[in-house]
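The following pair of complexes shares a single chain, chain A, combined with chain B in the former and chain C in the latter.
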Partner chain A sequence: MTAVHDASELQFDGIPVDRADIKKFKWSSILWLSPAGILVMALFVLPTIYALYIGFTNMQLLGPFAQHLSFTGLSNFDRMIHDPVFWSSVKMTLVFVIGSGIIAQTVLGFALALLGQRAKISLRATVGSIVILAWVLPEITVAFIWYAFGQAGGTLSELIARPGDDLLATVPLLIVCVANAWRGTAFSMLILSAGLRNVPAEVDEAAQLEGASYWQRLWRVTIPIMRSTIMVNMLLITIGTISDFTLIWAMTQGGPGNETAILPVYMYIQAFQFNDLGYGTAIALALIVVGALLSIIYVRQLRPELKKAQ
Partner chain B sequence: MISVNLLLAIIGAAFLLPLIWLVDAALNPHASAALTGPAWSLSNFRAALAAGAGGAIKNSLYLAMVSTIVATSVSTIAAFALSRHRVPFKASLLLVILFLAGLPVTLLLIPIFEIYVHLGWLNSPFYTSLVLAATSVPFAIWLLKNFIDQVPRELEEAAAIEGASDLRILWGIVIPLAMPGILVASILTFINSWGAFLIPLVLDANPKDQPGAVGIFQFMSANGVVHFGPLAAYSIIFSAPVVLMYLICSRWLNGGFAFAGGVKG
Partner chain C sequence: MRFNRIRVTLTASCVIAAAVAVAGGGAASASNSKKGISVLYSYNYVQDTDALANAWWKSVENQWKTANPSTPLTPVGVGGTDIDEMNKAAILFRSPSTTPCVIQMPTTYVGEFASSGYLASLNSYVSGSSAPAFWTGMPKAVQEMSTIGGKVYAVNLGNTDGGIVYNKLMLEKAGIKMPWVPKTWADIIAAAKAVHKAEPKVYALWAETGVASGPTGILQGVGNLIFGSTNPQMFDSKTGKWVVDSPGLAATLKFYQTVAKDGLGAPVSQLLNADSLAEPPALMQKGKLAISFGANWFPSTWLPGSAEPWPAASKDVGAAPMPTENGQAPGIASTIGGWAYAISATCTNKASAFKFITLLESPANQLSMATESGFIPPDTSVATSKAFDTSSLFQLQFSRYAAIGTPFPNNANFTVYTRAINTATEDFAINPNTETVSSALSTMKSLITQQLGSNSVETIKSSG
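Here is the complex of A and B:
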């Protein structure tokens, strides 16, 4: 389409004229947008605004403050700053997102994409299907599989020749991270192998003629070219991982102790087990802040590419 | 070259092992947390059905169907307007929609719970499915707008000259031509709602409404004993529909579906 997007660009004797091929705003458009608009307003925008209010109250699930709540200012956040469980929860969230999400999934996914590029087609298709199957399974199924795997007497403990060890008790965070990496790698594999196909072969061949080794070409040519794809992939993994609840809740319920209570899990425990909806919401707001901070890092990294695209 | 294949095969085997355990445990009447070796018995599947897998699957189907129908229809209409009409602040609106698609549902859960308490909408599969629909709408609009943008406009212009209304153009021209995109959006919404756990767990405490994911979770933590065999069978029954759907989706949309690219030879 070579259409001029700004209607005012067309003039006749200096007078702007309406273009026949550009639609003018009609009020009926609002009608078209309203079903989705009402749904999103009622169950997305309104709850978000409401969350900003609940986080500053002493709202309870049950009891006297369930009906007659009062505005308590920053007291939830004051409590949060002095809550050691909250801070360990933040730390575990970062380990979970960065370790099992960003690092493990990106590295494994990229490794699979690179190997797939050079391996036999039938093998690539088979391994690709297996990895994708792990990704397509419902989260609860993945949680159950790894719950069994990590137990005392489970396959994983037998593999490391210590069948008596309950890995879910000794290294719980590691096991939920492995489970999450197992489940999520397919996404990176798919995005990054699509990205690899867009790397022009000539550039790589030229580097090869200059005598660059495979690793040099990978590090100096392929990865820099794929930088924005890798960044977008990391951003999407972060958004997907940071609010993860099902996997950890079904595997460990945040335990033992609070050793796997990442922020969404800690929010659920506070809100629906300790009945403290106000504090739970404050934790959810903290989760948004952590997510926003991580996203800002990516967007800053992507800025040169975004500028180029404009 | 050999080492590349070997390495890929090793990673593939590591990914396969948990899946093998699942199938092995489902078929073995004496299943445990470890691999037990092949046995061919369907007794675990019977035990899973006796534990309520059938009813839970029906509930999952209801939640997934209702939320998919609601989300896809409102998103298609909105995406058409965003693609074809002149909408003020369209660029900002699209950015807001993209932002909402990335917003964690976790944040919304407590406020929605409170709103539902006041409206008396708790413990209702229908209202629960509306939340599931809403969580899928932003992404569905974004996806569908891109698909509808690619539908050529010449046919619509011809139809408009003949005096067809916008509604007829949408129904008669755009929807049939954007069908692959509409199916992708529906299937993604369906898969998302099918596996939903936290939202039904919080919004519908009625045991007879519990979907498969909640059913498996309750079964896992029931009476302190973990019945690995029946649970594995339950998980397979629950996972089969979405796996099948994904297979159909990636096969049928072959070239148009970016996800298929990864496994294509």
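Here is the complex of A and C:
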């Protein structure tokens, strides 16, 4: 039971005073908040509302409904439910985000961070610099590197001793996933390296004295301590990957067929190649739902840490 | 819950950024003043190099300034492909304040812009005795490329048509006698097989495919087969439906199947590359490609100072028209498409805008545009001039193919058909051993019906 107090009841020597434990609303705060508020309204809230509205219309980029759009209710969403390409796009998006983003980047980044921890400083710096180079390269450059790497006669097909194989055409989703993992691993490595440095050495030493093996200490001591860092890293990867467009568009344009058309790419195809802005925006809204669902999973996983913080 | 909201907001904001991009907006750069005019053009895709494009537009700007000092001209160049220029234009046209007066556009987009209500009818400028000479000098087929329902929405500035270009040395090595002029599609396949047998490591035949190549890929590839088949139709204007199955279309896809299955084509990622349209002339110059479904612009890339100079091209390269499927009348077929100038419906200075177009279409400007872009000039007097004939190889030859050229349907949904047919043909390149003609036809049908509904397609059962 928490008593509700009126701040005006509190007096000191008969003079009303503000309570320090209850923040009193000040009208002047509106002034200080207004720049941020205006920006959020203009750049986020209003476009979201507009996008929501467009998703319920037949608006076209070009065509009879480009200027004379009309409200079409749930027809875009009804079409989406019955669109097999949309559902395959959802599956590919999940594979791309979970496979190449969350799993591959976290595992590889963590492995590099662990190796870096045990390596000589000079070696760690060299490897770290090389890995970070992939991250700082513009996405379009990464796309062209992997395009050249994955096509017939490219380095990858030479490496597997099948120079005639056109891996970008035969296993396109795998190649774009590998390219994405290659690019994003450095980010994970940086975050997780910082996390590793925060693991108290004495805890690890105590476990070592108890006879725990390296893998036991890693699994039962280091990872649990780093749980929140790993989760935040995965969350940031998800945010960065789920809306990725450039990499896939430059490498495959969503093809062959629709085999790499993840939701942002499929949205672009519908809006800018088929001129169907209404349906494209409806797909964008579906992407928000997918993102929100993944966010809920993270929030649930982070709940223990949040409770501790409170 | 605050944490939850932050996370959802973070994720959503990324996604919303994409949604907002879809939902509209866009930089405003081309605007019309009451006094002046603006022109939106591609500096990256029409002429052979950006430098040529920039110099050409600077030159016409100076010509305009000299002749019309009181009417300011604002040129707005756009980079990227034809599709990029059209996407940019589509966004600019959403607001009259950002809409340019004059636009340089591919003829395949005229229908989409016209159906949006974005283009002004030019009938009053091109009808009657006051019609300008450049217009009256155009063949009727070229005039009609941008005419919809009797309304002229754009005037052609240059055309591309299709044919076959081949490396004589490579064909001779395969035992094929020169000059090689195939009479049927079977002749093309036979020659490609002979080359493949003689030199298994080279690409025997380049038949353009892939969704990345867009409508130009059809112009330079499968369209030539469809228009030479026994059912030379993409769109049935009588029923208003897209043809997704016919004996002619099946034969067309069968051709692609044979090329892929017999290993006659290029590697799939090279074919499906967004730059694949520009690959054949370079590959042919390097002796890696023997026969290509080509276009009249190919030889311009071999001129001195161009991308792939090939001084010996005049004796080492041959050109032939695309034959019809079985050699049936008229014996040869070709697509034809090009670029055109149009005036926006919201332009407040249409008379000046058309005057500017007349300047752009002067014989000298037509000729320089054509030679720098690998176009056939739209005006017959320029297309048959000695200056044009000597500007590059095979120019008059391709000008003759243009006379029988079939333009693409002027329909707002052509982009949907484009992706469908390009997907159907690329499926053979990806799965050469498993893809069948019937599955390619069914892919095509499902891609169009998913987008436009089942009433938008039709099957033609007999050759026609």
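Note that the second predicted complex is superposed on the first by the 270 of 310 C-alpha atoms of A that agree within 3 Å, B and C clash if a C-alpha of one lies under 4 Å from a C-alpha of the other, contacts with A are read in each partner's own complex, and residues count from 1 in each chain.
The rule we apply is simple: contacts are C-beta pairs under 8 Å (C-beta built on N, C-alpha and C of every residue); 3 or more make two chains touch, one makes a residue touch a chain.
Predicted model only: the values in this text are computed from it and were never measured.
> Should the superposition on chain A be reported as showing a clash between chain B and chain C, or a fit?
Aligned on chain A, chain B and chain C clash with each other.
> Mind working out whether A:29 is in touch with chain B, chain C, both or neither, as first, second, both or neither?
first
> Of the partners chain B and chain C, which touch A:256 in the superposed model: first, second, both, neither?
second
> Between chain B and chain C, whom does A:71 touch in the aligned arrangement: first, second, both, or neither?
After superposing on A, A:71 lies clear of both chain B and chain C.
> I'd like to know which partner A:298 touches here: chain B for first, chain C for second, both or neither.
second
> Check whether A:214 is in contact with chain B, with chain C, with both or with neither, and answer first, second, both or neither.
A:214: touches no partner chain.
> Tell me which partner A:169 touches in the superposition: chain B (first), chain C (second), both or neither.
second
> Which partner does A:44 reach: the first (chain B), the second (chain C), both, or neither?
both
> Between chain B and chain C, point out the one touching more chain A residues.
Residues of chain A touched, chain B against chain C: more for B.
> Look at A:182 in the shared chain and tell me whether it touches chain B only, chain C only, both, or neither; answer first, second, both or neither.
Touch partner of A:182: chain B, not chain C.
> Considering only touches as defined above, state whether A:87 meets chain B (first), chain C (second), both or neither.
Neither chain B nor chain C is touched by A:87.
> Looking at chain C, which part out of 22-30, 418-426 or 436-444 clashes with chain B after superposition?
Superposition on chain A puts chain B right on top of 22-30.
> Shared contact residues on chain A, chain B side and chain C side combined as an intersection?
Of chain A, residues 44, 47-48, 50-51, 54, 147, 151-153, 239, 242-243, 245, 264, 267-268, 271-272, 277, 280-281, 284-285, 287-288, 291, 295 contact chain B in one complex and chain C in the other.
> Mind pulling up the chain A residues that touch chain B in the complex?
Against chain B, chain A makes touches at 22-26, 28-29, 32-33, 35-37, 39-40, 42-48, 50-51, 54, 59, 108, 111-113, 115-116, 118-134, 136-141, 144-149, 151-155, 158, 163, 182, 185-186, 189-190, 193-194, 197, 239, 242-243, 245-246, 249-250, 264, 267-268, 271-272, 277, 280-281, 284-285, 287-288, 291, 295.
> With touch defined as at the start, can you tell me which chain C residues reach chain A in the complex?
The contact residues of chain C facing chain A are 3-4, 7-8, 10-20, 22-24, 83, 86-87, 90-91, 93-94, 109, 112-113, 115-118, 210-212, 267-270, 272-274, 412-413, 415-416, 419, 423, 426-427, 429-430, 443, 450-451.
> Taking the touch rule as given, give the residues of chain B at its contact with chain A in the complex, in rising order.
The touching residues are 1, 4-5, 7-9, 11-12, 15-19, 21-22, 25, 32-35, 70, 73-75, 77-78, 80-82, 84-88, 100, 102-115, 130-131, 133-135, 137-138, 141, 166, 191, 194-195, 197-198, 202, 212-213, 216-217, 220, 226, 228, 231-232, 235, 238-239, 242-243, 246, 258-259, 261-265.
> Give the list of chain A residues in touch with chain C in this complex.
44, 47-48, 50-51, 54, 60-64, 66-68, 83-85, 147, 150-153, 164, 166, 168-170, 235, 238-240, 242-243, 245, 252-257, 264, 267-269, 271-277, 280-281, 284-285, 287-288, 291-292, 294-296, 298-299, 302, 306
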